[in-house]
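Shared chain: chain A. Partners: chain B in the first complex, chain C in the second.
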Partner chain A sequence: MIKLIEISKIYRTSEIETMALDNINLEVREGEFVSIMGPSGCGKSTLLNIAGLLDEPSSGTVELHGKPVSGLNAREAARFRNTELGFVFQSFHLIPSLNVLDNVQMPLLYRRMGATERKERALKMIEAVGLSHRVKHFPSQLSGGQCQRVAIARALVGDPSIILADEPTGNLDSKMGAEVMELLHEVNKQRGKTILMVTHNESQAKQTDRIIRMLDGRIIG
Partner chain B sequence: MKLPVYLRQSWQIMLKNRQYSLLYIVGVTLSMAFIMAFLMFVLMASRSIYPERDRDRMMLIGSVLLCDEDGNPKLNTMVSSRFAALLEGAGIDGVENTAVITYSGLTKGVDLEVPGRGIVTVPELYVDDGFWEVCQFEFISGRAPSGEWNPALPEAVLSATTARRCFGTEDAAGRELMYGGTSLRICGVVRDVSVMAMLADAGIWLPIQMGREMASLIHNEPYVGTDMMCLLAGSRRDFPAIRAGVEEVIARYNASFGKADGMYISPEETVPLTYLGASTDAHVGVFISAITAMVLLLMLIPAVNLSGMVSSSVEERIAEFGVRKAYGASAGVLVKQVLSENFLLTLIGGLAGMFCAGGLLRLLSPVLAGSKSGYGTGVLQADLVFPTDMFLRVDVYAAVFVSVLLLNLLSSLIPVLRAVRSNVTDSLNEKK
Partner chain C sequence: MFKQILKQLWFYRRGNAWLFVEMTLIAAASWFLVNAVWPGIYRTSLPDGYETDGVYAVSLNRLSEGQNGYRPEMDTPEQRSVDFHRIGNALREMPEVQDAAPVGATLPGLNYSNYNRAIMVDTVNRYGYSYAYHIREAGASDLELLGYRQVWPQGAPIEDLPNTVIITEDLAQALFPGENPIGRRLSQFSTYQEYGWRISGVIAPVKVEKDKEYRGFVMYAGPDIVALDEGMSLVWIFRVAPGVDEEAFIQQAKKTWREDLAFGNWRVASVMPLEENLESAVTDTFMWRALFIFLLVCILIGVASFAWLRTRERRGETGVRRAMGGSAGSIMLTQLAEVWILFAASLIVGLLIVLNVLIFGKIDFCAPGLSSYYVLNVTKESLPVLFEPVLHFLAVAGIVAGLLIVVVTLSTIVPVAGALKESPADVLKDE
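Right, the complex of A and B next:
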């Protein structure tokens, strides 16, 4: 499903070069829920961004669904992200000027789909994350946990096969974090989505199928 | 994604960011209103306007300076009828036509008695036959006065508004009304004249003979008068020759009275000729252009302020563009979205700006009218109509709207292009 082959990423600024990823090999199977752990700055986000086609590796190949995707141009990559990938961020990244419904429908705006169907699908997803009573609310009127549930609904609305979550509970207290984890497990079990998640929480990581530990841009176990 | 989707989203974003949208719209409104009001003022004051189509060839003698024997200024007055007659008869080289306009100067308009309608008060001008040649009026009904003076039934011309007020129709040629016990025959009705006209603004134009009668009761001829005179040159190149010709007439005029009453039209200061048309005199033209440019720049400040606001608001949304890109938005789609948002807000502000500019002009018009040369204007402006076709200068409005729109689109385009060009992760990490 997700296959990273000999991936390296070097960030170059005028003064320093940072080896963010150093020859990474990783395979995630379809339907698997995998967590990535490691100290801050070890390259977890970089890895997730490269797997999610948000960033390009300096060398190596990314395969998704068994096809190499490293060579896609910007337009093709955008299409691929739109249909096959869902993103959940630590800081939610909801659009503050749009209400819950419009935030959730947003990915569908970038594909060919009528307004009625967009709205139906978004409402169904909002219901699935338990926020039907908050459809017209704006992000500023929601708790952090609710925001992250909206973000998960947005990640799911396009029916992608892969969800990439970068510290999805990092900004939440433990109770709301637990709710979000429960939702992600449901997404994985009931909907069969493949999930790759970065976390700092050992007990959350232990509930997933597999833990990948990183240090200084390398996988150490 | 189709246009309605953009506009619907833009509408929502506008409603959500009420404070910003309001500021934006007010900004556009004020910028446009100020720029437009100013531009119109400049256009009206410097360019030919109806019915003064040949302003660039007109020389206006609005006032004369009277001096004592030693050349000390004593009095500033309008042109006397004798001096006007002398000028008219002098046959100065280069003068194609002359117009004499006289102001009764004392009334607040004239009271017209209309059979069946009572009294209608309108601002008046007394004009000679040349006036109808020098100015190019559009007649809605009838024609200019025939030029034959008939004291029993003088001919008068009405503005369209006055005709409606008096007769309920603009088609009033041939009708009669009473003024000061005399019957007047309306020979023609003309399109309304703007208050920005230098010579020609009135509600009724009466034969100059009627004005003479009134003036002779009030004024102290031969020096003091109530006339304004317009010399229409064949071309602007004739101006220096005409000025020299006027000097000669002044010398003759002064000589004809001797020193008896100790008043002279000053031979040095002579008659201040007001040149219409900004660039008639090179240095005057440069001065006016410079002032225009400076004021226009000042007027642009709100527009530039606004563009700064637009730019920083787009700047703040770079993370939003990052998420949209992560979810598949192409650069083109994002650019279109931002442009449509700004287009919507500018459009709303632009429409509001048009009405505000109208109001502003209406508010300023007495000031503008009062700044015209000549004595009578203070009285004349009292009751003047303000023709709406003046605000509906579509060309001016469109030009200002397009420049404000371009400025706003540009100031949103630069940050949005930066956002869509940088990679997604950089946009996402942008601090809000």
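Right, the complex of A and C next:
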């Protein structure tokens, strides 16, 4: 499902070279819920971004659904992200000028789909994350936990097969964090989505199918 | 998609309101600025009918008391005139020079006045002839040098004599149909005295403002052929002979003529193409034009920075949209559509303001604007739209719209393109 083969990522600035990822090999099977742990700066986000086609590796191959995707051009990559990938970020990354409904609809805007169908699907997703009473609210009028649930609805609305979540509970208190985790487990179990999630929370990680530990750009277990 | 764009415009209404107000005022101000500059492009300091390729102007300075090399004994009107012509003779003797002639600061057809009253032909008063006149400081040699077609006398040069007049063919046709006008007399009466001239030549028509329907053009020689009046600035013009390396010759001239052509108290001040020399006489209008253009550019930079900042602030949004599968093109289009809508609204309001000012202020905006004694103004013939109120307004509005849309579009495209060039991961990281 997700296969990273000999992935390296080097950030070069005029003064320093940072080896963010050093020869990473990783495979995540369909329907698996995998968490990534490791100290800050060890390359977790970089790995997730590369797997999600938001960034390009310096070397190595990314395969999604058994197809190499590293060679896709920008347009094809955008199409792939739109149909196959859903993102959840630590800082939500909702668009502040759009209300909950419009934020959730966003991925569908980039598909050929009628306005009514778009709205229907978005409302259904908003209901699934329990925010039907906040449809017209703007992100600034929601709590962090609610924002993250909007983000999850947005990640799911296009019915992608893979969800990539970068510290989805990092900005939430433990109660809201637990709610979000519950939602993600539900997404994994009931909707059968493959999830790759970065977390700092040991107990959250333990609830997932597998834990990958990283250090200094490498997988250590 | 369109609905979302409107929603986002509304959400950012505070910032957008400022941009709207700014662009509205700017659209209005730009209209007036463009209106002031635009007709200037169609003005000319060179009337039609002259062949100025290869013609250069030598302008002169006169040394005055206290200056190095000044010779008081040569500072008399007679000697000045003699020395002035020695310069011309020296020019004519150069093998690289085909011909040389003295002219005033402007060419006939430019600094004319016009008459619309009785003219006395020989001893008979004729009425209803309007014509433009130009008082000549020098003889007829410039006409030949500048390529005028001589109609009369046939087979002989035009005599250079005091109190003669050269008229154009159309005036000759009107006054003396089918006759040879050479030697006939034209007179005019002013309150103070009678002026009379003997016709010494007829040339092909000089094109001045045609829509004013001057019957012809009259060039009076003063009582003294080379009146070295203190107020008159005379220059020598010369045509470079065929086959001469013009550039090298002029380069050399610029270096050596100050010494080589120093006669009496005359010194060569500059050697430049005639057209350039004519234009330098209208610096004032060029300065105004430059000022207006400068203001316009400042304004445009203002709009650009506003639009730039506005887009730049929302850089993160492009990252999010890309993560959600938006292609570069569609993201660019959303951002552009927003500013275009905003821009169209401000343009319309701005132009309505202009229209109100023009109508209720009873402003005659169809006048050719900046004017100078030394230029031919725009005429109905050279630029008809200028004199047609509705078309004029729309034409200037069109220029303004074009300018602003380019600025607004570029200052949106550039920052968006910048954000699109980076990987979405990097853009999102900045948030």
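FYI, the second predicted complex is superposed on the first by the 221 of 221 C-alpha atoms of A that agree within 3 Å, B and C clash if a C-alpha of one lies under 4 Å from a C-alpha of the other, contacts with A are read in each partner's own complex, and residues count from 1 in each chain.
Just so it is clear, contacts are C-beta pairs under 8 Å (C-beta built on N, C-alpha and C of every residue); 3 or more make two chains touch, one makes a residue touch a chain.
From a predicted model like this one, the values you see are computed outputs, not experimental measurements.
Overlay on chain A: chain B and chain C clash in the combined arrangement.
In the overlay built on the shared chain, the residue A:F87 is in contact with chain B and with chain C. In the superposition on chain A, A:F33 makes contact with neither chain B nor chain C. In the superposition on chain A, contact is made by A:M106 with both chain B and chain C. Of the candidate stretches 56-64, 92-100 or 254-262 in chain B, only 92-100 runs into chain C once the two complexes are overlaid on chain A.
In the superposition on the C-alpha atoms of chain A, the part of chain A touched by chain B in one complex and by chain C in the other spans residues 45, 49, 52, 54-56, 74-75, 78-79, 81-83, 87, 89, 93, 95-99, 102, 106-107, 109-111, 138, 154, 158. For chain A in complex with chain B, the residues that touch the partner chain are 45, 49, 52, 54-56, 74-75, 78-79, 81-83, 87, 89, 93, 95-99, 102, 106-107, 109-111, 115, 138, 154, 158. Chain contact summary for the complex, chain C toward chain A: residues 1, 4, 7-8, 11-12, 316-317, 319-328, 330, 423-426, 428-429, 431.
Contacts from chain A toward chain C in the complex involve residues 45-46, 49, 52, 54-56, 74-75, 78-83, 87, 89, 91, 93-99, 102, 106-107, 109-111, 138, 154, 158.
On the side of chain B, the complex with chain A involves touching residues 1, 5, 9, 12-13, 16-17, 319-320, 322-331, 333, 423-425, 428.
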